[in-house]
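Chains here go by letter, A, B and C, matching the order in which they are written, and residues are numbered from 1 within each.
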Amino acid sequence: MNTPDTQRKPMISIRGLSKTYGGKGGGGVLALNNISIDVAAGEFLVILGPSGAGKSTLLRCINRLVDPSEGQVFHDGTEITAHRGDLRAIRRQFGMVFQQFNLVKRLSVLTNVLTGRLGYRSVWRSLAYSFPEADKRIAIECLARVNMDHKAFQRADTLSGGEQQRVAIARALAQQPMVILADEPVASLDPKIARQVLGYLREAAQELGITVLCNLHQVDYAREFSERVVGMSRGAVVFEGPSSALTDDILHRIYYREPGEVEKDEA
Amino acid sequence: MSALTFEAAVASTLAAESQRRGKRLARTLIWAAAAIAVLWFSGAQIGMNPLALVKGVPFMADFFSRMFPPDLAHLSLLGDATLETVQIAVWGTLIAILLSIPFALLGAKNTTPHPIVFHATRMFLNALRAINELVFALIFVSAVGLGPFAGVLAIALHATGMLAKFCAEEIEGVDRGPIEAMQATGAGRLQVILFGIVPQVIPAFISYSIYRFDVSIRAATILGLVGAGGLGFSLIKTMKLFKYHETATCILVIFVIVLVSDWVCARIRARII
Amino acid sequence: MSSVAPVLAVDGVMEALAARKRWRFHHIALAGAAIAFLVWCAEGVGLRPKELAGALPAIGEYFYRMAPPKWEFAEVLWKPAAETLYIALWGNVIALMIGLPLGVLAASNVTRSAALRNAAKAVLNLLRSVSELIWAVFFVAAVGLGPFPGALALGVNFGGILGRLYAEALENIDNGPVEALAATGAGRLQIIAFAMLPQALPQFVTYNLYWFEVGVRSATVLGMVGAGGIGFELVTTIRLFEWRETGVVLLLILAMVTLIDLASTWIRARIYG
């Protein structure tokens, strides 16, 4: 089911990805079951599914915070899963936005965004907690994009939830990544703020040509913010197509599927 | 609920409560008996004797009378010793702060490079913590000579053990979220420590360092007992010469220093937190 | 978003950033004063880099002389070691008996009368400021040599320390239950007993466990002034330059403290787990 965009080389290509946690030899938890997805460059793809569907694990396999048990992940043609050794160069290509924002509370907003540049800076310079001027400029520009530059010097824990997430988005943008992985970025925010945050994310990504993979469990947001949706349930992909095609039937498959129904759905 | 089942429910809960109370009482009695047995045995071993204490009151009174009134003229001689006590505490704590940072990083499960390093560090820190400053001072006086230098080293080593272990536990308890975020940006190990862990740990570290300084002042006042500088030396000297009025002055000065240090530390903690 | 407005905004923030980083005069003055103070302290205690560099090998040499430890010496150490533990135990009990009533009285939410409160605080301050070693000397004069005065000294000193900690713990409790109980018409003593003390109790236990550990470490040196425990053997072996025996004593102390540490962790897990 490829849309015309992915006829060109996809930005991210996932093939046969599986992940089992613990208990080798049949006792473990199957978090990802043979996932294959293509993501086009510049696309805002929503991965929709209930909690426990494996969405977080999927995202973390892409930037190798988690190592998959089987399968391959290709980024712009290069295979990521085969890379041994230092992962810094890979990880800085992927900006990540977390559900809990994960800012360092005691540091200022600006410093938090600057930490997005750490992947590009030598370790020894960082010891002095100083960043080059160019980095500071990048950081402030990113803050301006999410309209948080006026709070640059405030401590991160003085901000509201929505504001913190915007700063987290700025941090991801500061990496100048090709892809942003957003793991349930608005789960802890109320609807009006959530829409604002998703709006900033989509707008910044569109302006900068960044590909976004966004995990969500709210169907409304999926419909509003993306054109293509991948539905996941219990570690498997159960739907892939335009968000307009999210019928009740398909939603039921995503949200209410019983374990025994796996085989029936492999259509 | 019908009246009958209501009554039945209430009755059964009452019965359960009295059963639980019975069990709890039995358990408490057993623990109490054990505790009393231990205390009785150990008390006998060390000669706990309330009667002796009562009989000792006249001796205590005698002691006090010999010290009272304190010889205030002696104060002028204590100026240097007082300053020395403070100086010992300052540098002892400072060295401890500097040394405890690397040891804390090595001794925390999430920042240590290797399990062997982790266990070796923990053992070393335990050794530093177990040994009293006075004991260190006694050994160091033999090694580096009499005087405050030995005192500084003694305080520094013991305080390093305490501070480093505390800091290591703080490091192990940090919020993981920001750490993950930092790793996701492609930051290296050291950068993750600097930007993710250190900011989370600093407030507690500073607070505990100040507390450690307070403790060090207390310790520094008696290091002189073994010849490692400070007021303790005047204390023991005047006692050996039976000049109890001057001893009283020493005790008074120690009391005042500790009180002042206490107050200063409390204010600084309040300002920082 | 037009491209002109963001550029202006960015420049504005960059300027603000640069302004914040500039060193103001008072920063420099403060830094200068701190450095001067530290240098003065270092001079006062004879701390020079050369001395420090020489100290490490000197100390190392002394620890080297302690190897291999003369294990046979341990035979005479079991009794004093046990004595040390008993001193710590009874010291803690006495500290509880002294500290609890005084601490409760010193808490601002328990005692209405400021005079009574301040009196309690004053007594606690007196008890905690004077080092346990000085108290030990005092009690030895009162009841003679041996572990008994040691336990008394520890109890009195820690009573002051614990008392103040208890008072702080009581002052930090959640006021909600207190209000609720007052609303039911409960009397003052009942409120203290049912709303205040139960909330503070876990903190009390934590403090007692921690200070018991500290007590064991303190008890190891009380023997220096004749107040029992392993301190006497320790000082004697050092004074007689019997380093291999000293090594054994130190190892024994280390073992004791480590065991207490583990036991304490286990107890804490049982209570809170």
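One rule holds for everything that comes next: contacts are C-beta pairs under 8 Å (C-beta built on N, C-alpha and C of every residue); 3 or more make two chains touch, one makes a residue touch a chain.
Owing to the predicted nature of the structure, the values given are computational and were not obtained by experimental measurement.
Taken pairwise by the contact criterion, the protein chains are fully connected, each one touching every other. Chain centres computed from CA atoms place A at the largest separation from chain C. For chain pairs A-B and B-C, the one joined by more C-beta pairs in contact is B-C.
With each centre defined as the average position of its C-alpha atoms, the distance from chain A to chain B rounds to 47 Å.
Chain B and chain C have CA centres that are 2 Å apart. Against chain C, in their complex, chain A makes its touches with residues 110, 133, 136-137, 140-141, 143-145, 149, 152-153.
On the side of chain A, the complex with chain B involves touching residues 63, 65, 87-96, 98, 100-107, 111, 115-121, 123, 126-127, 129, 168, 171-172, 175. Across the complex, chain B meets chain A through its residues 175, 177-178, 180-188, 190-191, 194-196, 199-200, 202-203.
Of all residues in chain B, only 38-39, 42-43, 45-49, 52-53, 55-57, 59-60, 63, 83-84, 86-88, 90-91, 94, 126-127, 129-132, 134-135, 138-140, 142-144, 147-149, 151-153, 218, 221-222, 225-226, 229, 235, 239, 251, 254-255, 258-259, 262 touch chain C in the complex they form.
The touching residues of chain C, when paired with chain A in their complex, are 1, 6, 9-10, 13-14, 16-17, 20.
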